[in-house]
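Paired with chain B in one complex and with chain C in the other, chain A is shared by the two complexes that follow.
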Partner chain A sequence: MFEGIEELRKKLDSGKLKVKDLAQQAVDASKKVNSKCNAFVTIIDKPKIKENKKSILSGIPYSAKDLFSTKGILTTGSSNALKDYIPFFDATVISRLKKSGAVLTSKSACDEFGLGGTGTTCHTGIVRNPYDENREAGGSSAGSAVAVASGVVPFALGTDTGDSVRKPASFCGIVGYKPTYGLIPRYGVLPFASSLDHVGVFTRSVKDAAIVVDSIKGPDSKDMTALPKTDDLTPLLDGNVEGKRLFYIKEICDIRSYDNPSDELKKSIKLFNEIIEKAKKLGMQVIPESIDQKLLNAIQPTYQVISCAEATSNLSMYTGIIYGPRGNGSNINEMVKDYRAHGFSSLIKRRLVIGSYVLQKENQERYYLNACRVRQMIIDKFNELFTQYDGFITLASGGGAPLFDGKTEVLSNEAVLENHLAIGNFGGFPSITIPAGFINNLPIGINITGKVQDDVNVLNIAYALEKDIKFKGGLHE
Partner chain B sequence: MFSKEEIINYADKLLIGLTDEEANMLLDEFDIIDKNIDQINEIEGLSEVEPAFMPFNLYTATLREDKVEESVDVDVALSNTKDKLGREIRVPKVVD
Partner chain C sequence: MSKYEVVIGLEIHAAVLSNTKVFSPSKNSYSDVPNENINEIDLSFPGIMPSLNKEAVRKALKMSMVLGCVQPDELMFDRKNYYYPDLPKGFQITQVTKPVGINGKVELYVDNHDFTVNIHDIHLEEDTASMDHYDYYTLIDYNRAGTPLVEIVTEPCIHSGEEAVAFLEFLANSLRYCNVSDADMKKGHLRCDVNINLKNENGEFITPRVEIKNVGSISYVLDAVNYEVARQIKAYETGIEELVQETRRFDEATKTTIRMRTKEDAVDYKYFVEPNIPRIKIDKSWLKEIRKEIPSLPNERLKRYIKEYSLSESEAKTLVKDFELSNYYEECIKIGINPKVAFNWLSTNIIGYLNKEFMTIRDFYITPNYLKFIVDKINSGEISSKQGKELFNYCLEEKEEPSILMKKHNLKQMDNSNELEGIIDNILKNNLKLIEDYHNGKTNLFGFFIGEVMKQTKGKANPVIAKQILTDKLK
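And now, the complex of A and B:
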């Protein structure tokens, strides 16, 4: 199904389509896509249907990343450490979607506990890109992106700690929106790095993203980081961007900043420049800004240090003693060690050891605290720019989805262009990726980021550009 | 710069068992993270900046009303536990 939420609503309301049949379509499509792309941990054969005639989402099927706690439904975090875990409660967003009548039809695979950006570390195997099964779907919310791109469901839930919604959205040719930090409560979402973790949504249009977020945002007494009530976003989408001011970073999106740009990068930046021209024709000003290259180079190491440190703290709750498959050993330490040795993948173990190292008293200043200082400098720089501009526009990636290279995910020195979306997590800025076009027959996205709690502005810029780009999200066969 | 023994020691502190291959991969990754951290530490004026532990500070802590709230039924809370005795989880002996 490639209809948007509003189209499906009309069909349901007119009686042309029945909720039960729509749910069954989603289940059948999930199975078909799973055989090619391995996108799901659980497909719910008989989804629970409880309509709410007052909600636009009533009867609309969706998928949730397997980090969201779902009452009575397997929630694994895509990890062997939780392979049999069935929560007895719903995450707040799942509970809100349930109340709105939305129908959960699957739990999608992701990089284990959300750590990773390739969709290759799920305990159920690698997730494949629907545009080319020899390529990554991106991660960590790989399965959710595949579900929406393949037309299995009109929307899916993901989480975004570094770019885990916005990068797979780029690789799968769909919309990926991470609102301001705290706009959507995280209660019941398996944590990775709490100060960077956001709930996000995948859809095939900007308006659908606003509709879904309106249904799940708002204060939550169970999440102290949840923000107070805000106005709904959907009614404020008017596409009026006349006079808006955007900036891009020369060091990232100007081809002259690269010594030996690849053919793919040249094409990507050419596409970016075409989008800039469209923005200008819509009445926006787009101005290049320069940021200290040292600060840009520090984005990836800052993310590595902070995310690993917080993951070490968050994942320490997995012991295999109270729940989870209990490890073998003659004492409690041996049992925990055995459980973790077999439950955690190699990637997770390595990240946790790095996190522990940077948090050791003797290393804290050099690694963890200095990374947190750079985080503040980056936040300050962007907040300063947001006093002059309505948004930051950038490429979501330097090209289309990469081929599987047979290597496991290892720390590396990647280009700034592949990691700069983490800026949105450092500052909790609202940030959205929308499809921009194709490079070598693969989709690629552009990203708009704005100041904290200015989600409406970010969505409106994306909404206006989306209309002009005329890329209907998703893989239409 | 880092030794395998150091890495195994850090893993042990976390109660994480590493294979030989994982320890070797970590050795390479520690070198990368150490080089990467130099990119952080060469930024001017770093020592004058307060570290950011959260994206922003918009939070106001409020105390909830002193009322009894709904709690989880014990049987439900124990539903994922394979080794239980009545209303309790049976755990390995930790003291002699």
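And now, the complex of A and C:
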């Protein structure tokens, strides 16, 4: 199904489509896509249906990344460490969707515990891009992106710590939206790095993203970082962007900043420039800004240090004692060691070692605390820019989804382009990726980021651009 | 001993009273049933997040004020990362960056001298699960996991076991006065780590710091300090034992300290700011409100009782250690009972009665006002002290106001001079030989005559008037 949420709503309400049949369609499609793309950890054969006539999401099927705790349903974090774990409570967003009558039809695969950007470290195997099975879907929310791009479900839940919703959205040609930090509660979501972790959504239109976020946002007594009640976003989407001011970063999106740009990058930037022209036609001003290259180069290491440090601590709860398969050993230390040695993939272990190293007393000042300072410098820089601009527009990636063999050597400032979406996580800024077009038959997205709690503005800019770009997400058969 | 200066720092954990745990809505109460007061947060299931208990914060801030600390402008928490089976998250949420209190100061009094304890900080944190170790296995009970604790860390500024005990008594009493903790060491509400080392006459440290973990009672703290000081002196002077920075435990049976681990095994806790609890501004008016709830504190009371009410240190301690009893005493003084008289009533009559009846002063029938009535009647001579005691007992037996019972039991001294004169004349008439002896120098017979008067009046004669008449008659 490639219909949007409103269209499906109409069909369900008019009786043309039955909730049960729609759920069954989603289950069947999940199985079909899974055989190709390996997108799911769990496909729920007989999804629970409990309608709520008052909600627009009633009867709408969806997929959730396997980091969301689902009561009575396997929740693995895509890790062997939790391969048989069945939670006895729902994540707040899952229980909100349950109340609204949405139908969970699958749990999608992701990089192990969300630590990764390729979708290749899931315990169930690599996730493949629906446009080209030899390519990544992006990560970490790989399976959710595939589910929406392949028309399995109209929306899916993901999480975004560095770009884990917005990057796969770019590679899969769909909308990936990570609202302001705290807008959507995180209780019950398996953590990666709590100060950077966001719940995000995948849809095939900006409006659908607003609809889904409206039904899961809001304060939560179980999450102290959750924001107080805010106005619904959907009613405020009017596409009126006349006079809005956007900036882009010359060092990232100006081809002259690159010494020896690849063909793909040239095409990407050309596409970006076309979109800027369209934005101008819509009445927006788009102005290049310059940011110290050193600060831009610091984004990736800053992200690495902070995310690994927090991950080391957050993943300490996995000991295999209370839950998870018990490790072998003659005492508790040996048991924990055995469990973690076998449960975690080598990629995770590497990150945990880095995290532990940067937090050590003798290293903390030099690495962790300096990273926190640089993070603040980056936030300050963007907040300063946001006093003059409504949004920051950028490419969501330097090109289409990479091949699995990963031969493409990335140049240093191209590396900035591949990692700069983490700015949105540093500052908790609302950030959305929408499809921009195709390069070498692969989708690529652009990203709009705005100031904290200015989600309406960010969505409206995306909404206006989306209309004009005339390419809506979804893999059309 | 005088060659060395003992330097002691204390780290005390106090279990905070609250309805729910500090970061989870589970009940915070002792249960005999293991793993009864738990939820997914206490067991640290994937995806859980902390939600801070305001009542625990309020109480921690209150103790911060009691200890004369500076309160922060905002609340912040940190993670202390380490693996132990009693710590399900793999980290403890505590406070390092901005504790609820820093730089405090408490003025205390012990053995006729004033001394000051400087407080490094007080912070709010979560407790661990409790474990029972058996030969081949260990049982873990998560009821205690996540219950609120305040940890109080003093500067190394305490110079004797007696001072350490005085501070601990003050702390335990204050915790109870402010309803922050039951502070019963035997029940584990209060756990104390003692850091000790020695300085020479030039003020230089001559022994490395030794930490004695989890000393189980206030009197054991004294024992532990005494043993450890003697051990360090002996080791320093004789060199028979190597002194290293280490952690030891106190063995209650032998009253000695035993090595647990040395500095090399110290854990790096990799502290960092807890990202799941946003910084929360502390409202000044809230602090003011909390400060208002603090009663006059045990150290202030102790000193006042000794200096102003002339009680001995041990008498004063008897009152101060029980908040309600001390409040009763203060009320007695406020309404005008002489402090010494009030103490005597409490120590000779009231405390004994309460202990016998397993009662607290809160349920005691005789209010300070009733007690004042009795004391006033004795002072004015309307009743004798013996009758006063009788009236006190009638009150307790009949649960009736003393003014009514005094009439009912006809408790009243005979102070009619004519009547008394008749009785005295009669006594003297029957004891002419003794009068002669009296005049010949046996003046202690005066007491005999008074005794006779009391006997014949069944104790009701006003002794002052009776003495006056007798003196006149025997001239």
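In the analysis below, the second predicted complex is superposed on the first by the 468 of 477 C-alpha atoms of A that agree within 3 Å, B and C clash if a C-alpha of one lies under 4 Å from a C-alpha of the other, contacts with A are read in each partner's own complex, and residues count from 1 in each chain.
One rule holds in what follows: a residue touches a chain if its C-beta (ideal position, glycine included) is under 8 Å from a C-beta of that chain, and two chains touch if they have at least 3 such contacts.
Computed from a prediction, not measured in an experiment: that's the story for all the values here.
**Q** Does the superposition put A:Thr225 against chain B (first), chain C (second), both, or neither?
**A** Once the two structures are laid over each other on A, A:Thr225 reaches both partners.
**Q** Thinking of the overlay built on chain A, is A:Phe89 touched by chain B (first), by chain C (second), by both, or by neither?
**A** Both partners.
**Q** Contacts for A:Ser69 in the overlay, against chain B (first) and chain C (second): which applies, first, second, both or neither?
**A** In the superposition, A:Ser69 touches chain C alone.
**Q** Which of the two partners, first being chain B and second being chain C, lies in contact with A:Phe40: first, second, both, or neither?
**A** neither
**Q** What is the contact status of A:Phe272 with respect to chain B (first) and chain C (second): first, second, both, or neither?
**A** neither
**Q** First (chain B), second (chain C), both or neither: which does A:Ile322 touch?
**A** In the superposition, A:Ile322 touches chain B and chain C alike.
**Q** Applying the touch criterion given at the start, work out whether A:Leu359 contacts chain B, chain C, both or neither, answering first, second, both or neither.
**A** The second partner, chain C, only.
**Q** Go through the superposed model and pick first if A:Asn297 touches only chain B, second if only chain C, both, or neither.
**A** first
**Q** Under the stated touch criterion, which partner chain does A:Val336 make contact with: chain B (first), chain C (second), both, or neither?
**A** A:Val336: touches chain B and chain C.
**Q** Have a look and say if chain B or chain C is in touch with more residues of chain A.
**A** If we count touched residues of chain A for both partners, the winner is B.
**Q** Which residues form the common part of the chain A surface touched by chain B and by chain C?
**A** Shared contact residues on chain A (touching chain B in one complex, chain C in the other): 85, 88-89, 195, 221, 224-225, 312, 316, 321-323, 332-333, 336, 356, 360.
**Q** Okay, in this complex, where on chain B does chain A touch?
**A** Those in contact with chain A are residues 7, 10-19, 21-22, 25-26, 28-30, 32-33, 35-37, 39-43, 45-47, 49-56, 58-59, 61, 64, 72, 76-77, 79-83, 89, 91-92, 94.
**Q** List the residues on chain A that touch chain C in their complex, please.
**A** Spelled out, the residues of chain A in touch with chain C are 67-69, 75, 77, 82, 85, 87-89, 91, 186-191, 193-195, 221-225, 309-310, 312-313, 315-319, 321-323, 332-333, 336, 356, 359-361, 364, 368.
**Q** Flag every residue of chain C that touches chain A in the complex, lowest number first.
**A** Interface residues on chain C, with respect to chain A: 40, 43-52, 79, 81, 83, 85, 88-91, 138, 268, 270, 272, 275-278.
**Q** Spell out the residues on chain A that touch chain B in their complex, using ranges where they run on.
**A** Residues 84-86, 88-89, 181-182, 195-196, 221, 224-225, 227, 292, 294-295, 297-298, 300-302, 304-305, 312, 316, 321-324, 326, 329, 331-333, 335-338, 340-341, 344, 346, 349-350, 352-354, 356-358, 360, 366-367, 369-377, 379, 408, 410-413, 425-429, 452 of chain A touch chain B in their complex.
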